[in-house]
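Next up is a structure, given as structure tokens.
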Amino acid sequence: MISQRLREAIAGVFSEVDVALAYQQGFDKLHATPCFMTMPEEINKLIWNPLCVHNLTSYLPSLKKKKVAVVVKGCDSRTIVQFMQEGLINRENVVIIGIPCNGVISVNKVLHETNHEPIEDITFGENGEITVKTLKGEKTLLLSDVCPDKCKTCQYPTPIVYDRLVGDPITSDKSPDSVYADIKEFENKTLEERLQYWEQEFDRCIRCYACRNACPMCICQDSCIAETRDPHWISQRATLSEKFMFHMIHALHLAGRCVECGECERACPMGIPVNKLKRKINLDMKELFGYEPGIDPEDKPPLYTFKVDEVTIKEHKI
Amino acid sequence: MDAINLSSNVDWNFIEEVAKESGQNPSLCYQCGNCTAGCPYTQYFDYPVSQVMRLLQAGQKDTILNSKSIWLCATCETCTTRCPCEIDVAHIMDTLRIIARRENRVSEKDIKLFYDTFLDSMKQFGRIYEVGILLAYNLKSGHFLADSDLGPKVMSHGKIHFFPKKIKGRDKVAKIFERFQDKAKKHD
Amino acid sequence: MRVGVFICHCGNNIAGTVDVAKVAEETRKLPGVVYATTYMYTCSEPGQEEIKKAIKNENLDRVVVSACSPRMHELTFRRTVEKAGLNRYFFEMANIREHVSWIGENKELNTNKAIEAVRMAVEKVKQNKPLYSSSFKINKRVLVIGGGVAGMQAALDCADGGLEVLLVEKSPSVGGMMARLDKTFPTIDCSICILGPKMVDVAQHDKIKLYAYSEIDEIKGYVGNYQIKIRKKATYVDWTKCTGCGTCMEKCPSKNSYDHFNFGVAPTRAINIPFPQAIPKKAKIDPDYCRQFVKGKCGVCAKVCPTKAIDYEMQDEVITEEVGAIIVSTGYSLIDIERLPEYGGGRYPDVITGIQYERILNASGPTSGHIVRPSDHVEPKTVVFVACAGSRDKSIGIPYCSNFCCMYIAKQAILTKDHVPDSQSYVFYMDIRSPGKGYDEFTRRAQEEYGVKYIRGRVSRIYPKGNKMIVKGADTLLGTQVEVEADLVVLGTAVISNSDAGHMAEKLHISYDTFGFYVESHPKLRPVETNTSGVFLAGACQGPKDIPASVCQGSAAASKVQALFSKDMLESDPAVAKVNINACVGCLKCVKTCPFQAIKEKELRDGRVVADVIETVCAGCGVCTSTCPCGAIQLQHFTDNQLLAEVNAICLT
Amino acid sequence: MIEREYAYYSGCSLEGTASEYDASMRAVLKELDVNFREPDDWSCCGSTPAHTVNHVFAAALAARNLALVEKIGLNTIITPCPSCMMAFKKAQHGMTKSESFKNEVNELLDEPYECGVESKSALQVMYEDIGLDAVSQRVTHALPGLKVAPYYGCILNRPPEVAKFDDPENPISMDKILLSAGVEVSDFAFKLECCGAAFGVVKREMVNQLTYKVLSMALDSGANCIAVACPLCQQNLDLRQGQVNSTTGSSFNIPILYFTQIIGLTYGLSPKALGMDKLIVSAEQIIRSRVTVEEMKKRTESEAQVKAKKPEKKTVIEEAKPEENE
Amino acid sequence: MSDVAARELRIVGFLCNWCSYGGADTAGVSRFKQPTDLRIIRVPCSGRVDPLFIVKALLNGADGVLVSGCHPRDCHYTDGNFYARRRLEMLKRLLPFLGIDERRFHYTWISASEGGKWQQTVTDFTKRVHELGPLHAKKEATP
């Protein structure tokens, strides 16, 4: 069983590190939660199943000076690569325990399937079937029906970087074209429809900053210009234009850096498609500069570099 | 030449008209004389082409439209090719001919007559019948013997055919003439 | 906050199309503005006094002048407010002349635009912070790029003033175009006789270090502290050993090398000293023609050289030097005759360029000063000069006048008559441009005393007929076509910038115009400065100009350098980037993007890593500020808040 | 060799006084394996006379023919006559440059022209598409003693922004084509000088004088024949050569050949097929001088042998003489 | 004033000090007439232009934004406009995704000597923004 092998793997590196990051059971059956382990006996708390949705690498920059072991899924590993590109972690201080992943669940989608009944128990079968027990009875769901959207087009089920791999590597069976299919489809809408869409979405924003706080690449944290007065980019007024502006700040600060882990959307209490703008920019970065964030540690984020002759950028005429 | 009163005797509209119809800006000309220098017809012109340009800048409509020069230009494009100011001079000459024709002030009647005969032939047959044009021109112009010395040479070498080639779509060609004339009338 | 606003009439320049009184009236309504007035000429001395008085009387702490472009008078007014006791950065300008009154036709719209421009400036100035310069040491050496007459003049003036000078010349000898000329107009002085002594002075001056046959590879740094990489190109002759005896040149079997100095009038040897008066007088091998290089065997020069100076293995050498200022005097080129196909495009040997004719006239030239035509070496009796061969010709992209052709053509026509008394010269011209001292008299003399026939009109074509060249032109004054049967035709070819002028400008960070000529700071008032502080211009690299103008500019550039170096320390521009260490999260993206490597990482005592700006290296571009996600690094005087204040002043109204 | 198919527009002159241009053109194109089709029921291009009436009208007369080419699915038209070609190129230029001009032109037409046809002179097709190598490969015969002045005429490549072919001041395409057929050419300064043909009938004396200049310049250049690519030039220089002689008191007797006739001769085509008999100034001598390439080779070899017998001047590899060193 | 405001749209221009601001000055000195809608903000370098300024302007009332810097390779600060080019291109592609017509934003390179090009750019861009009309007509009234 993977959980057991994972415990063994962490136990094996425990002496080298100050802290190990993994998952433990959360406040109820439906939730896992990150655990920070500093003592060997804590290893038994550790679990591994499709409830382990969090991107644990988010904690790495704040632990830059510590030796850390961290459990990563394929998608999470891209964050580490991006950190390496941007010099935000010391790779030698991190022991990466990789787990090939067939997909996690979206808690919201499960609750939706069970009509928001309190979950008594949840078990995971071998072939992606999920049995959910509520007071009203049992229901079997398919992982592919209740996974987050990012899992449906996942190209990197096996971590890109790791020191130990627990489980056998998996190769993606999803078409690369599917990754941005939703973005391209959105572009079929008229300008008016698009503007209306974003205005509706952003109008619901309550500016709780959960998306920002969950984002592993949002490195500014307390210095975020959405809240400072010097510089004073936006006011605290709850107008649409200020909310819109906040999301633009978030999107543009992640331009060419977003690893599409989806933590922002998972964290958003209002269900705003926060990741969509960043993914649109990623698509452009790929077309313009052949760049994909979090893939090659030697790459440079495209907006922090340039070429003297940009073949793909044509001069615009009026 | 008489003194030109630049306060009263300048036709600004004419400058505009030529500029608009030719798409060329006469003010670009700085009178270097390159057009005149290269023009094969300068010696036959009453005003060399650079002076035609100057007259145009000075709004001297009558002098220009009455000149022989505009009709003696063969559109050989030398002036246009060499103009340092990138003016399509030949096109301006072309435009001046069109205006002169439109205003019925053709100084070189024979040239116009030849052109008209050519166009008549075209309208009639769809193609050009060289012998017919020559004969018709000679008749209308009164120069009965123009190029008659060439006749025997041409005949003996079998260079001509004695009947015009008529095309099937000659009505379509004629229609182009008619539509154009209708349109021109409407504009008047 | 107490902002005072001064709205300038600029005579009628602004007041003619902007209702300045209304601008003042609306400005008074802006929050923070306590004083607004209009003035006829704000930049005049009484105008500046008005500002000082108002600062005192109204107790102003911020000043806005709404007038011309800040590129024109920002510095003037900064000094004014400073004299009145304010920090010079508590000042802003609203450009309502170049950007409003001169370009808009509707007075109402102009006035509205001017009001908004003032509002933007007021909003910005309210965000301004006092800034203070720090000072840094200057390296008092000067680099002169290009050893023509302008560059030599600049180098000598600097050196005579006690400065150390590096003179870098691309070709093997200094002297430039002037060294090729026979005589100079309008005095008919022998060109090399007046230039030669200067060339010798350059060589012998103990303050001047000459790098001949060298080019600039790289320029780094800023005013006062430049690092220069100079590439000494391989000459294949060890110049420390070469005595300039010329034996190698005599014996060299490769006799058909292109002679760059003589513009190909006659061939030269593959190893050569470019001309008898060359400085330095050293030989150099042209590897494109040298048999040792082309065929791999010969070695004649190595055998005959008495000092064993020949070194076929020689490589380019790159030397690093440090200077505090740079004078650019890279000169000009002439258009290739191939671009004039109607004049034969180079197919006819007896259609030559003015500079080639200069070499033919020259006593030390390939024909020893005997005028003969290239095709058959016969003395020409009829010589035709064609002015504006390529100049003032939009169709080949040269709409400008080349400045000195009219004059040298008159000179060459006079010299032709001197050399060949029974000759007749013709000059085809469009306008005679001779505005210098004694210049017009000179062109008159050519006609009156030397009988040169001036024909007002362009030449349309030149073609050969028998052993004559037929020049077909117009005499527009007569209104006819004219033809001359010439023995020799001399084209006054257009002056153009050097083909590598753009690359050089990019290395220097100075601007150049569409034609590749370098752009001065102000066309009237700052003719030798560039927009890059510490870089000055001299000579025809800035635009076609004749010898006296080039010499003037050389001296002017030298005096600018002297003025710059008259202080031991320079004040730095305080409008540089500054890090708020409390906000900086140490992501160091700014370090990655800074074009000047002016940002380093710094560890604070609590162990946090933050960015740190090296003030003297920072050039103030602000790339870091637009890179920083948390707004922690701010370009002073152009901070986010200052620019946002302007954006908001436009949009949120 | 070249796969593409062209349209071919002979034009009115080539049906009449310039039938030998048409015949030789077709023969040479056939030799070069060029596929071409003629648009059905073409009409006159409008030429210079139409341009004195109105630009839209002139363009419409030309565009009618271009539309016919479009209709038969071709996109390049070979136009032997420069006057027709210029009418087409000007219509094309005006209609692609300005949408409103295009609409005005199409209003006069029954079937609109969509600007999809490029007109090329025969020279342009041979020089750019077929290539000089292909031109020279077919050569079987030489024309010893012939020196040709290549005469392009005024509008074959001017104005440059409309013609978009060859140099507007010193064209070389015909020179190169003739040279690759093994024909000697002279450096002819009046390659482009207008011969005045447009006024042939109306201004006889003027035209005779212009023609005189062209003919005498050709002789000056050492040529004994003029090659042309324009039916009007040919007619003017050939047919009117007698008039020139009587007007100016000269005695020219220069054969004026279409360049296709000369190429045809080097390809071994029969003089009849090339319409040599239609020339007014006889080209009999040129025809008679024709020999096969092999024969020519023999001749040159034997000449070389004769030369070789003469003692050759000794070439000494001398050391460089000292140059004057002032 | 309201009459004036009705005739004009709000166009914000970010011009680098060394080239484009100078080019606009050159146009002024040459008296090259231009529409009056544009308001110019002087920045040291196009590399200083954070795309967020453009977004801010467009969200807060601007109908068009124009950014102009030195020609590539000719930047007073060597590389500033190279960074600008990438960032501005990114924004140009993002705007339509947000439902904002990308034609409302133009970036270009104009040197200090190109007064004519500046005039042409301002004239054409202003014309285009007018063709597109006001951006904020249908939106909430800005506070």
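Side notes on the structure shown:
Letters are used for the chains, namely A, B, C, D and E, taken in the order the chains are written, and counting of residues starts over at 1 for each.
The rule is simple: a contact is a pair of C-beta atoms (placed from the backbone, for glycine too) under 8 Å apart; a residue touches a chain by one contact, two chains touch by 3 or more.
These numbers come from a predicted model, not from an experiment.
The chains that touch chain C as well as chain E are A. Under the contact definition, chain D and chain E share the contacting chains C. With every chain reduced to the mean of its CA atoms, the largest distance from chain E is reached by D.
Ranking all chains by how far their C-alpha centres lie from the centre of chain B, first place goes to A.
Computed centre separation for the pair chain B/chain E is 49 angstrom, with centres defined by C-alpha atoms.
The geometric centre of chain A is 55 Å away from that of chain C, both derived from CA atoms.
Taking the mean of the C-alpha atoms as each chain's centre, chain B and chain C sit 50 Å apart.
Put simply, the C-alpha centre of chain A and that of chain E have 36 angstrom between them.
In chain D, the residues that touch at least two other chains are 168-169. Counting partner chains per residue, chain E has residues 56, 60, 73, 79, 83, 87, 142-143 touching two or more of them. Within chain B, the positions touching two or more other chains are listed as 78. Contact between chains, per the stated criterion, is found for A-C, A-E, B-C, B-D, C-D, C-E.
Against chain C, in their complex, chain D makes its touches with residues 167-170, 187, 189-190, 217, 220, 317, 319-326.
Interface residues of chain C facing chain D in the complex, by the touch rule stated above, are 246, 249-253, 255, 269, 276, 300, 341-342, 345, 347, 363-364, 368, 463-466, 470.
The touching residues of chain A, counted against chain C in their complex, run 65, 86-88, 219-221, 223-225, 228, 230-233, 253, 300, 304-305. Looking at the complex, you find that chain C touches chain E at residues 69-72, 95, 97-100, 102-106, 108-110, 112-113, 116-117, 120, 502, 505-506, 509, 511-514, 519, 531-532, 575, 593, 595-596, 619-623, 625-627, 635, 638, 640, 643-644, 646-648, 650-653. Considering their complex, residues 580, 583-585, 587-589, 592-593, 607, 627, 629-632, 634, 639-641, 644 of chain C touch chain A.
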